[in-house]
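Next up, some structures in structure tokens.
Two complexes come next, and they have one chain in common, chain A, joined by chain B in the first and chain C in the second.
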Partner chain A sequence: MSQQHKRDGFSRRQLIKGMGAASLLPLIGGVAPFAIGGQHAGRVVVVGGGFGGATAAKYLKRANPAIEVILVEPAETFYTCPFSNLYLGGLRDMRSIAHGYDELTDRYGVRVIHAMAEDVDTDSREVILSTGRHLDYDRLVLSPGIDIRWNALEGYDEDAADKAPHAWKAGPQTELLRSQLQDMEDGGTFVMVAPDNPFRCPPGPYERASMVAHYLSQHKPRSKVLILDAKDNFSKQGLFTAGWEQLYGDRIEWVGLSNDGRVTRVDAGRLEVETEFGTVHKADVLNVIPPQKAGWIAERAGVTDDSGWVPVKPDTFESRQVENVYVVGDATVAAPMPKSGFCANAQAKVVAAAIAASLESRPAPEAYWTNTCYSLIGPEYGISVAGVYRVQEGAIAEVSGGLSPADAPAETRALEAEYAVGWYNAICQDTWGTST
Partner chain B sequence: MKRVFHTAAMLSTSTLLLMGMAPLAVAEETFSSAQLDVMAGSCANCHGTDGRLSGSVPPIAGRPATLLESRLLGFKNDEVADTTIMNRIAAGFSDDELAALAKHFSNIDPQ
Partner chain C sequence: MRSPRPARHDALRRRLLRSLVATLTGIGLFGLTLPALADGPWQRLEATQAVLGGATPSTRGLVLDLPHVSEDGSAVALTVGFDGELEENDYIERIDLFAVDNPSPEIATFHFTPMNGKPEVSTRVRLNETQDVIAIATSHQGERFATAREVRITVSGCLMRNGNDQPEPLSSPRVSVPSSFSVGEPEEIRTLINHPMETGLREGPDGETLPRHIIERFTVSVNGETAFEAELHQSVSANPYLRFHLAPENSGEALFEWFDDSGESARHEVELSVG
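Showing the complex of A and B:
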């Protein structure tokens, strides 16, 4: 493995310049940069091994196995944000939301490098890794997810997140929030600070509030959930509100922008937050979901704009700002598609097809995307929003979709809870090859 | 919406090997193989890669095309009693597209 990695230390282009082709071949070894029959099919580097990146790598190989695909992802195990709320609610363990990269490597021939991509030189078309090694590319796919805009909310920096976790990237933060919830005295208040749009997973905060309320109803029945929100409307609002009332009575209180819900300052040490009009709320567990932006490597590659997110060409998700760089997932400006794992996966398939076509100088197929977001309000109470998206008049448009019916019977809610699990297993199988 | 017919020669070897199909069996009348792969891509998010995963969401690979097509049209026209999301999704596709998707999945080996 270390030998294999060492070879990345050389730029393939530099090698070609410096040596004869014959001496190059043994160095590349099992990496197979050339198509069967000797034709060069191209090298694609994918940065980020989440829903977008892992799917892009797999579907590039499915489109054309002769394309050399290298996936760069620091973690050997990826924890999904979807269903991390179920972990918080006590319905799942962390292992059940953990996924690895063996199938991508063993079945599809993707080369996975566990390192951090630290920089991109889009002129020489090279990705620079934390190990100092350079990887050159013909096409680059960035699936960087989100980064927190530290200090955009006064008092909320990396140290504050150790006391008042965001848990908006699944992993240690999620475990910290769960342990705080378990340690909370009965009668305590779980305060959630919810951000203004746009942010990762629009229904996520409200599913989390539901799952926390579920846990409290089982283990700490005198406790409450208070959501302080920077906006007046949220995803699936009517369905959530009705479900909360039905399952949890007044356990969940939601305070929107107009009722002074917008938090402007966080004091993580005291577990206090202050709103726009000076109301101070004291929490027993404080979950701050802060303002966000595209993952950091997107900035380094020069694909973000002033908003902090990545504008893309709708047909292909190639960057509007930098050629040969494609971006998928939460980092992109893809509205009306939401920032969801489902969308990242769907966008990655369109990108894989577009890149495979462009490497053969063919036009990209027409883009089709779908999204389905299930949210669990209770273990047997699921709701969903779905959408189908196409490019119309140069922009992404929703051509069909909508919410679960407001008046659906309990059987439908139970069925949607069951389908949520089926969806999770399927998308994880489709992305990483693992389903639980 | 009609697209140029692409011959079997246009299909990548990988697609054929992975899906275990005979080259001519997958050719749709109006959509190229690459186009069908993109159109069918999102189905995998609930039905598994190539529509093969069994679970609470049923597998769709290898089912008869006529059955899949009538079911999809039923969803689109909101005629299926126990629908949850498929009516909202099928409505985003033309009848031709649904027929092409039905044929695409019927030609995939369910194993």
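Showing the complex of A and C:
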């Protein structure tokens, strides 16, 4: 077998070293059936090192350290979308939203390969990397996040994103948007184009508008924020609207779908956008959050449907279309669960448990998930929405949940802003083992 | 390194099974495509039976496009159109839309003329819960076509909202037409108007049921001749949006009018340039 297939050699020495590191830990996840003598409990390849992928890798090892886990992620440093709006608002630096993979390798014995997964052969069960390596798998976890649907919005292609950044994947795009904001003249207009559902992080555009307004109120007091939206309703709308009025007066203007808010053409060179009924808006800084789809490798693996997203079996998040492939996070159709980092983390734990069970031919444990989503309207003004989900009648259903109260005192909003930081530190600790 | 796994054999067996299944499916489909399949949810709804008038619809040619899953049942984007075969000189005269499990299943009826050029409409609809949406098309000579799509409605956890401004009825009529037409070539027309489309089923802040208040009818005429009409019901979303086609033969004036059930109306005129 080994001469026929370009197996990625993972020596037993490395495996044992990894296991040794893991065994020094306080006992995690109970006593795992670790088979000595070269047999192992199966190999899982995880593609993508964000909230979903890093959590899946870690929790697979926690479920059973004998499972060989390989994480494929091109970047050595991962920047989170959560709190990247706080960087735009000047509340944080990029380092504070940067995370690495040391805990996964050193503490859990996950093998991390920094390469791009370029293709998947689901018949021979192989992932093909940009380095030319082929990785066999018994189970595959895809956590590919989103990709931009270039040109789905006329005029918005990869070149346009250099002038009118989307900043919907944290990193250089976020830094570009921040520097444009800093270079903008006082009195300029920050125009944001917001997409129709479904898209990554439903409250994200509105938190971003808040953080930009905060920055402007401090540094460019004559400047405005204009949101052109392809929807009539958005996440936590009442709370955002009330917070904007309270903190920023009329600095933020929101134009919804029914008032001709849907942008149908972008001219990034001129920093202009045109709406469906022909209104042209001129921007000084233009942030286009475009239509999205599941990350590209999901298409290669054949798990996406004609919507561009990935349908999954709700109990396990295994693909409905390809067996032995599990998909987590923003790429999936998991509604009513939103496309959030917290959901990706929760889904990854369900996937880890389901895979560990399936490798031992046990049934998967019953799944449930939680999500909390904090948004900052100002540095001391936080709001949130929370939900608990279970499988009911073959579909994911929200069984409990709620929003921050509408007319809460300032202390409540200030406490929620603190809780947001606590949440961020906890979820990053859980996912990458790092917090700031 | 590792002991050989039976994975290869599994993979081979899977491949064989898959091709066998594909072959069987192919035979099955072939068998089914011979007669136009008449079985569908339209057989179980009084309102759709009334439109069909006892006729057995063909299921070919009528295309209904809706998302599989919608996170917001208050405005689900829908496109319906016909691209099938018709007798010479026949054309699609009407398309009816139904939401099987809404409190009242009728969504809208669209009346086409040859001046539309292309029988296709997009709008946004309200869906109370996960259900089938049905479209029935009727041709000028009485041929019937039917199709249905299931839409799953979820309310996304992050999409919960509180507080909604009510739009001023019949305000801000908007029409978008192309700058010029080629003779007989259908081009896209888009219209939007503000209106609450109050269903008559909802309670106001005082606990009293708000009376029904909707736009019932929308008409388009070109040089005084009716080109397109829509009858709307309460399952059309607030601020009705309609996208359809016109293929005018001559330049002239297009008149767009919206009529609501309180007797009020709004109008918008646009010059069409054909050349």
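In the analysis below, the second predicted complex is superposed on the first by the 399 of 436 C-alpha atoms of A that agree within 3 Å, B and C clash if a C-alpha of one lies under 4 Å from a C-alpha of the other, contacts with A are read in each partner's own complex, and residues count from 1 in each chain.
Operating definition for what follows: a residue touches a chain if its C-beta (ideal position, glycine included) is under 8 Å from a C-beta of that chain, and two chains touch if they have at least 3 such contacts.
Given the structure is predicted, the values throughout are model-derived calculations rather than measurements.
K.L.:
Looking at the combined model built on chain A, do chain B and chain C fit side by side or clash?
P.N.:
When both complexes are placed onto chain A, chain B and chain C end up side by side without any clash.
K.L.:
Applying the document's definition of touching, compare chain B and chain C: which contacts more of chain A?
P.N.:
Of chain B and chain C, more residues of chain A lie in contact with C.
K.L.:
Pick one for A:S210: touches chain B only (first), chain C only (second), both, or neither.
P.N.:
neither
K.L.:
Between the C-alpha centres of chain B and chain C, what angle is opened at the C-alpha centre of chain A, expressed to the nearest 10°?
P.N.:
The angle comes out at 110 degrees.
K.L.:
In the superposed arrangement, which partner chain does A:G401 touch: chain B (first), chain C (second), both, or neither?
P.N.:
Both partners.
K.L.:
Looking at the overlay, does A:N64 come into contact with chain B only (first), chain C only (second), both, or neither?
P.N.:
first
K.L.:
Touch test for A:S340: chain B only (first), chain C only (second), both, or neither?
P.N.:
Second partner only, chain C.
K.L.:
Taking the superposition as given, does A:T241 touch the first partner, chain B, the second, chain C, both, or neither?
P.N.:
second
K.L.:
Once the two structures sit on chain A together, report how near the CA atoms of chain B get to those of chain C, whole Å.
P.N.:
12
K.L.:
Using the superposition described at the top, list the residues of chain A that contact chain B and also contact chain C.
P.N.:
371, 386-387, 389, 401-402
K.L.:
Provide the residue numbers of chain B that touch chain A in the complex, in ascending order.
P.N.:
Against chain A, chain B makes touches at 12-15, 18, 32, 34-35, 37-39, 41-49, 53, 55-57, 82, 84-85, 88-93.
K.L.:
Would you mind writing out the residues of chain A in touch with chain B in their complex?
P.N.:
Touching chain B from chain A are residues 59, 61-65, 342, 345-346, 349-350, 353, 356-357, 362, 365-372, 384, 386-390, 399-402, 404, 412, 415-416, 418-419, 421-423, 425-427, 429-430, 435.
K.L.:
Spell out the residues on chain A that touch chain C in their complex, using ranges where they run on.
P.N.:
1-2, 7, 9-12, 38-40, 123-125, 136, 138, 196-198, 201-203, 231-239, 241-242, 257-260, 276-278, 305, 307, 311, 333, 335-338, 340, 371, 373, 385-387, 389, 395-396, 398, 401-403, 406
K.L.:
Using the touch definition up top, name the residues of chain C that touch chain A in the complex.
P.N.:
Interface residues on the chain C side: 1-5, 7-8, 11, 14-15, 67-72, 74-75, 77, 152, 154-164, 167, 172, 174-176, 190, 192, 194, 238-239, 241.
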